[in-house]
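Below are two complexes that have chain A in common, paired first with chain B and then with chain C.
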Partner chain A sequence: MSSINLEALIDEFPEEAASVKRLAAFLDRSEKSGQPTKELSVQRFFDIAKPSSQMVLVRMLQRLVQQGVLRRLVRVESDALGGIGDFGSVADVPHVLFDSRMGREIEVRSDQLKLIYRFEPTGAVR
Partner chain B sequence: MTDSLLARVLGELQNKTAGERLAFIQNEIAKIEDPEQRELAETALLLGMHVGIPERRDHVIVLVHGIRTYAEWQERLAGVLADKGYELVYPIGYGFFDVLSFLCPLFTRRKPIERVLRELRAIKTKHRDADISVVAHSFGTYVLSKILEDATDISLHRVILCGCIVPLKFRWDKVVARVKGLVVNEVGTRDSWPVAAGLVTWGYGPSGTFGFKTTHVRDRYHNCGHSDFFEDELMARYWLPMLLDGQIVASDWTRKRTKASSALSLMSWFPLKSLLGIAVIGWLTVLALHRVAWV
Partner chain C sequence: MADDLKYTKDIAALIQEATSLTVVSAFLKSKGLTSSAGTWNDMINKRLIPAVQDGHLTNEGLIGLLRSVEECGRQHVFLYFCSKARASELMDRKRVGQVAAKLGVADLLTAAKATSKPAQPELVDVRWDTAAVDLSLTIKAVEIREYQKYIGTRPYGNELHKIYSRVQERCVNLAKLHRNGLLEIRVAAHSNSTKYDADIRRFWHQIGAFLPSGDFKESSLSVAKDRLWGERAELSEKIRYTDSTIRNEAGNVLRGAAGGDKSDLVSDEAVSKSLDFLLEHDDAAYCEGANIWFKETVGLSTDVHVLLGGEVNEFALPASCTAEDYQYVLDQLRSLNRRVS
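Presenting the complex of A and B:
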């Protein structure tokens, strides 16, 4: 069983019990493999949980952030792969950013934005 | 952000040049004043950009009212839902249903049930592939329980009951398979009407005051009376997440509530109608015996 208990999420989203269980099973497997998941993109969450709708996943993730299980950040990814800046929200993302991987300033495009959720070490819901 | 709004923004995004898109997203998100809603919208948008515009399945929301009312709350809730992009909302009425018709256990209750059932079947025909959810109040909850019991062609998506007068012993286990999602019973702990209805006539019960307490229905308690559920804030806080995404937002009162008042408890088990029934039968018997003696 993963150290992150998602039972409270099932209580709040009973129709999504299967999605939450898929997510819990994924976290459990990654923990048992000795390489616990530290962060996941919102797209990866979607692929793993297979929720009944995009909006319900959005609401579930928001609840996990409010409960302190996850921390949400908007990452700008370089065209040369890898993150070049983490921000609290899309509003905080500058239009021009220094790309340390390419060694020059770039104009940030929307397709370079990636929403990341980081698992907080003290945020397990009991 | 609803699916329709998300679809619109994602659609418009396609028409922007790569250089314009970030500013467009920032502008669209900045228009949302509430920080929580803004965060939801931003997450939905970033998810949608990666996995595509969500496919929309039609979701019809049907509102069924109680007695002695034309239920202005129906139009208000319809408006709140329309603001969120949900246009398929049908307030259903059965005219002004008076107290005597409500109290009479025979004949009079049939017409509203048939009327609502006809409406539901018409909606089902009109929106063949849509999910149908129902919000019912007071006598509307009784009507819905009878429809679920008898009309096996009716399947629902989600159900919200408030001011519920359905008997506590209602067999949810027999009907719950035809409700795909959740059944939530909004309980008003200061609501004496469900208790009074069960006290004076047959067929009703105090589920809106005490809750069903069954695994098939989620009771959510509120410190309110029979018609206090229709505050905009309550509808937005509890009903929208439930209707739109199946989220059960917990109410603080569910845990904090105090013991039910002695008067309500007494009313809930006092066998008034049975005593009245016995008295009437006794009176008729005495009358008949006197008549025989006189003859």
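Presenting the complex of A and C:
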């Protein structure tokens, strides 16, 4: 896992400097807390970073994915709660999937897909 | 002189599509008019049309009824905000008139359109709610959606084919900008999906000349979600909880759900406290969603079901409701969304 290039991110999103700093502080705290891997939705990141819009937040998160700080995945969630498969993109999600939470095959619906950003604390904010 | 009767018939047909005979009867009764009708045919031809012909009712009055029955409930609502100054600029009558003229919909400023099933999504109403000043600007659009309804299976050799019928439904979407900067975007609920991002994008595109999306920021409802659960004891007089979902930043999730949809999760101390335990022992735990009912006993016309979840600024009312009930829910959620120390 790479570290955050904070300056590059602020250069790219100058109007979002405060949000970028909140995001970096959050990831730094997570890094130092020794807690296990974090998995957050865009909505949770929105409440943490408080950006000017969700659209700009998605662009910032995408940049952190490119920097190797976050990993983006599409999770299929079981109707019985919990993930049943992680995929790199929506296109990779199969039409039919075995739902290990319910013990049977299911036809995957679009409302079962959830975009997740995973943070594995190993790097450092610089 | 009596109003345009074709327009009356068009409005009446939309009212028929959107509500029940009971609601229209109550409306006529409130005006002191004969209100009984056993069928829609009687209601339209023996009550509404004669009332307009006699001048006891106007098309404007019927449009008011149509607005009240098709604009509240069965919707997913997305909240945004902009500065009060920008809201004032965007609501300015001269500016709105210029935009409407440019889009060729200036006639909507004087009368709403009674459009049933447009081939393309169509703006049908642009209006202000006014007291001493303009309090809000509403822009309404109608579109036809097609969804697939499962109807059964059919054997085909060694295969079994699932069959879906294509069902078309008329949908009303609207944006309401308040002079304090609050913007509600209300999107008609889908029959078989919980995803609204494409609808929101499409609607922003449709109203963008009036209300540019870049001027608005999503208004997160996270504080309201946390307070709804955290203050459930104080809120129990007005709210019943059928489920609540707590998630932490490790991605783990705990959901408490009442056994029946008439039950109240809060009355089960053990289940409630298990959710509290996660909130109290994990700083990174938060309320992700809730399924609640505002109780009729607080003065609503009936219990009003509200779903909180999905996007950060989203809530939903799965059933139709009155404008007063809708306003109560919106006011309550906005009040709960203020952080208290």
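The rule is simple: the second predicted complex is superposed on the first by the 103 of 126 C-alpha atoms of A that agree within 3 Å, B and C clash if a C-alpha of one lies under 4 Å from a C-alpha of the other, contacts with A are read in each partner's own complex, and residues count from 1 in each chain.
Operating definition for what follows: contacts are C-beta pairs under 8 Å (C-beta built on N, C-alpha and C of every residue); 3 or more make two chains touch, one makes a residue touch a chain.
Not measured: the values here are computed from a predicted model.
*Asks:* Chain A superposed: clash or fit between chain B and chain C?
*Replies:* Clash.
*Asks:* Looking at the overlay, what does A:35 touch: chain B (first), chain C (second), both, or neither?
*Replies:* Only chain C; A:35 stays clear of chain B.
*Asks:* See if chain A has more residues touched by chain B or by chain C, and give me that chain.
*Replies:* Looking at chain B versus chain C, the one contacting more residues of chain A is B.
*Asks:* If you stack the two complexes on chain A, which partner ends up touching A:110: first (chain B), second (chain C), both, or neither?
*Replies:* both
*Asks:* Please indicate which partner A:81 is in contact with in the superposed arrangement: first for chain B, second for chain C, both, or neither.
*Replies:* Second partner only, chain C.
*Asks:* Applying the document's definition of touch, where does A:95 land relative to chain B and chain C: first, second, both, or neither?
*Replies:* A:95: touches chain B, not chain C.
*Asks:* Give one of first, second, both or neither to describe whether A:54 is in contact with chain B, with chain C, with both, or with none.
*Replies:* both
*Asks:* Name the contact category of A:13: first (chain B only), second (chain C only), both, or neither.
*Replies:* first
*Asks:* When the complexes are fitted on the C-alpha atoms of A, one of 1-9, 73-81 or 109-117 in chain B overlaps chain C. Which is it?
*Replies:* It is 1-9; the other listed stretches have no clashes.
*Asks:* Where on chain A do the contacts with chain B and the contacts with chain C coincide?
*Replies:* Residues 42-43, 46, 52-54, 109-111, which sit in both footprints.
*Asks:* Note which residues of chain B are touching chain A in the complex, please.
*Replies:* That would be residues 1-3, 6, 13, 18-19, 21-26, 29-30, 36, 38-40, 42-51, 54, 181-182, 218, 241, 244-250 of chain B.
*Asks:* Touching residues of chain C toward chain A in the complex: what are they?
*Replies:* Those in contact with chain A are residues 193-195, 214, 216-218, 220, 222, 249-251, 253, 255, 284, 286, 311-312.
*Asks:* Which part of chain A faces chain B closely enough to touch in the complex?
*Replies:* Residues 11-16, 41-43, 46, 52-59, 61-62, 72, 74, 89-91, 93, 95, 107-111, 113-115 of chain A touch chain B in their complex.
*Asks:* What part of chain A is in contact with chain C in the complex they form?
*Replies:* On the chain A side, the touching residues are 30, 35-40, 42-44, 46-47, 52-54, 81-83, 109-111, 116.
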